[in-house]
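Shared between the two complexes below is subunit A, which pairs with subunit B and subunit C, respectively.
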Partner chain A sequence: MIVPEVVPAITVSLFLPALYVALIVGFIALLGISFQKKDVHALILTDIVGVAMLIIVAAVGTDLAEALILPGLVVELAEIMAISEILMSREMRKTGKKVSFMPMPIKMDMEILKTAPNFLSLVLIVYGIFLTGFTGGAVAGVGILFYALARKSRGLPFQLWEGVSGISGVAWCIWLAGFLILFVAPEIWLLGLLMSSFGILLKVASKMGLIGVLGREEFKRN
Partner chain B sequence: MLEMQIWFYTGCALVILGTIGTVIGPGVKDPIVRILNTEIPAVGVSLIFLSYNHVLALLTFIAATVIITLILLRAVVRLEEMGAEV
Partner chain C sequence: MDIATLGGQLLGQIPLGDIVLYLTPFNLFMFAGALIFTTLIAISRTETQVEAEFGSLNDNEVKVGLKEFKIRRFLAVVCGLATAGAMITGDVFNFTLLVALIGIVNIGIVSAVKQIDVLNAAFQYGLIAMIASLPLFGGAAIILASTGTLSILEIAQLSFTTPMMFFASVLLILGIAGETGIAPFYATKAEMFRTPGSPFILIIHLSSLLVIVRAIEILLIINKPF
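Right, the complex of A and B next:
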């Protein structure tokens, strides 16, 4: 038997149904994309294809699946963000019209957005650093995002965004080096573990760099 | 006591029904309706994650779904402001 002993029997029994469901869902969604004429609708259906991918990964049902789902989600998010941005800038070039960077249904000049960001984002970032790892990165990233959005990300100098993207690259290297230590020198595993957890913390927190690149394009246009 | 399989198969049914609804459901010519329909497969996937005990993946998936919905709505609203056919 290929399946190891540690996998529970119930997970093994649910593997085939999950696989079939994912294949059916992926097939229907891809069929829908192929009949679609408009780009926005195809982009929305891409989301469903991502769902099928997640079910296949989840069907493995161990910690490995959990570890693979998280980067899958981040990649899907970045992909949808990039494609929607391409669609909008293409349309902007065609029609030559300028529209607001972040369309809001209501006016967002509330008192709390001027006074709260410093404290709330500080709490989120400190708690994120305390958590470390992927979850900590997400919490700290939300703190940075909240600060930037409340302070109108247009006003921030864009050398700062370049810096955030640079930190992201360095953190990636730290993460890889930590993993290398785990395999090359297992006796100092604690150092490797800390290096990779802080690396992924910085990496996920600085996913903001993506939004920062979008902001930079907006500066160039204006 | 409900068996764990109930949640799994409910999730599977929601995912398949939601996908069919998103592709050929009523009123999907409107992109907003299509975006709202994608929430049903999202709930189904959440149930499947729940039945496999993938807590971290479930939390991250909920956050990612919210952000993806926001991005798609922003794209649709901006395209409509430009007068494009959506």
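Right, the complex of A and C next:
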């Protein structure tokens, strides 16, 4: 009835064990959190609970469940970033010290960081545009991230960074409009598909601007 | 238990592909209430907290700076819109997503304050909200697994209820309770209300109240106890 007959019986029988595994993982993570004394450790252990959530959703294994996994993952990431940010600002306020956004264990003053970033990030971005969609956006985003990390010691062009964040916002709106077209006017689905795919390419590629690099003081020097 | 018994007359549907919104007086009333409160917040200004100083006759004013005020107002408006969306949605999946959004935004509203104890409370609340995303999304996924659909209109027409659906409902209500910080988890949230900047803090309260009412409607529709 609920499960179509084309699905083999062994796949169906895997649902309950997966559910039990997820609940056990969640329980172990909760035990770990309750034993912890340090806040950082509790935060890291909380991520295991998120993994257990992904196991439950993945156990369902339909396309609707896939649609649940992605927002679940994003919510989990957004929450862990927000909470670690709170933890950092609390500790900074307690001790009165500032912490760098991307702390490096050693002083990275190598020749390759001055010559390579332009070329490597260009290759990554071009390959990402060639791939298009979510994967392409991720590859191009790695290129931009690499550029930012490599040029960190010399200071980033702040104006350009603000432009990247603006592009990200506009691309997101195009993506949303494309999806709205798919729902409201399914006849012109091709336009909606193209709008959302190119929107998400630009959006994921330029996501760096949105994960808080922009707001940091250390990037404001030119 | 069908939709008309709980929410009054079924006024209409908005079909958007496979996402179908349904309108009842109950939904529309809470939707309009959340929107009105959001508008009030968008046009209001923050209060200034006045504390009496110990050992002297002076007062100590805790003001909110313009930059912080703008961020906080934006997040409060987002929280209000997410609440309004959770009131009108006809889909368990969208409901869980909007509840998770409310949880994140609630942390964001208080994350920019300078008091250490408020940051402490926000950290504890954030941990609970993250843990609660397991039962929240897990409950939605098990409802999907045991009914085959996430649309509330479809679930209302099912003739059977299974123990798995009941288990999923228990998980869902646990998740919503943790994500919005109501009764058993209220201690993590209580300190957050001491933040200066009152009208924006109130949306945290209002969103959790409205969401819990809507959640009870959805759970009654899923389980059909009467």
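Assume the second predicted complex is superposed on the first by the 165 of 222 C-alpha atoms of A that agree within 3 Å, B and C clash if a C-alpha of one lies under 4 Å from a C-alpha of the other, contacts with A are read in each partner's own complex, and residues count from 1 in each chain.
In this text, a residue touches a chain if its C-beta (ideal position, glycine included) is under 8 Å from a C-beta of that chain, and two chains touch if they have at least 3 such contacts.
Nothing here was measured: the structure is a model prediction, and the numbers come from that model.
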item	value
First, second, both or neither for A:P186, with subunit B first and subunit C second	second
Partner chain(s) touched by A:A65 [first = subunit B, second = subunit C, both, neither]	both
Touching partner for A:I28 - first (subunit B), second (subunit C), both, neither	first
Partner chain in contact with A:A82 - subunit B first, subunit C second, else both or neither	second
Which of subunit B and subunit C A:L43 touches, first, second, both or neither	both
Shared subunit A surface residues [contacts with subunit B and with subunit C]	43, 47, 65, 76, 80, 87, 94
Contacting residues of subunit B [partner subunit A, same complex]	4-5, 8-9, 12, 15-16, 19-20, 22-24, 28, 31, 34-35, 38, 41-42, 44-45, 48-49, 51-52, 54, 56-57, 59-61, 63-64, 67-68, 71-72, 74-79, 81-86
Subunit C-touching residues of subunit A, taken from the complex the two chains share	1-2, 15, 19, 22, 26, 30, 33, 39, 42-43, 46-47, 49-50, 52-53, 56-57, 59-60, 62, 64-65, 67-68, 71-72, 75-76, 78-80, 82-83, 85-87, 89-90, 93-94, 182-184, 186
Of all residues in subunit A, those that touch subunit B in their complex	10-11, 14, 17-18, 21, 24-25, 28-29, 31-32, 38, 40-41, 43-45, 47-48, 51, 54-55, 58, 61, 65-66, 69-70, 73-74, 76-77, 80-81, 84, 87-88, 91-92, 94-95, 97, 99-100, 102-103, 134-135, 138
Subunit C residues touching subunit A - in the complex, by the definition given at the top	16-17, 19, 93, 97, 100-101, 103-104, 107-108, 111, 114, 116, 119-120, 122-123, 126-127, 129-131, 133-134, 136-138, 140-142, 144-148, 150
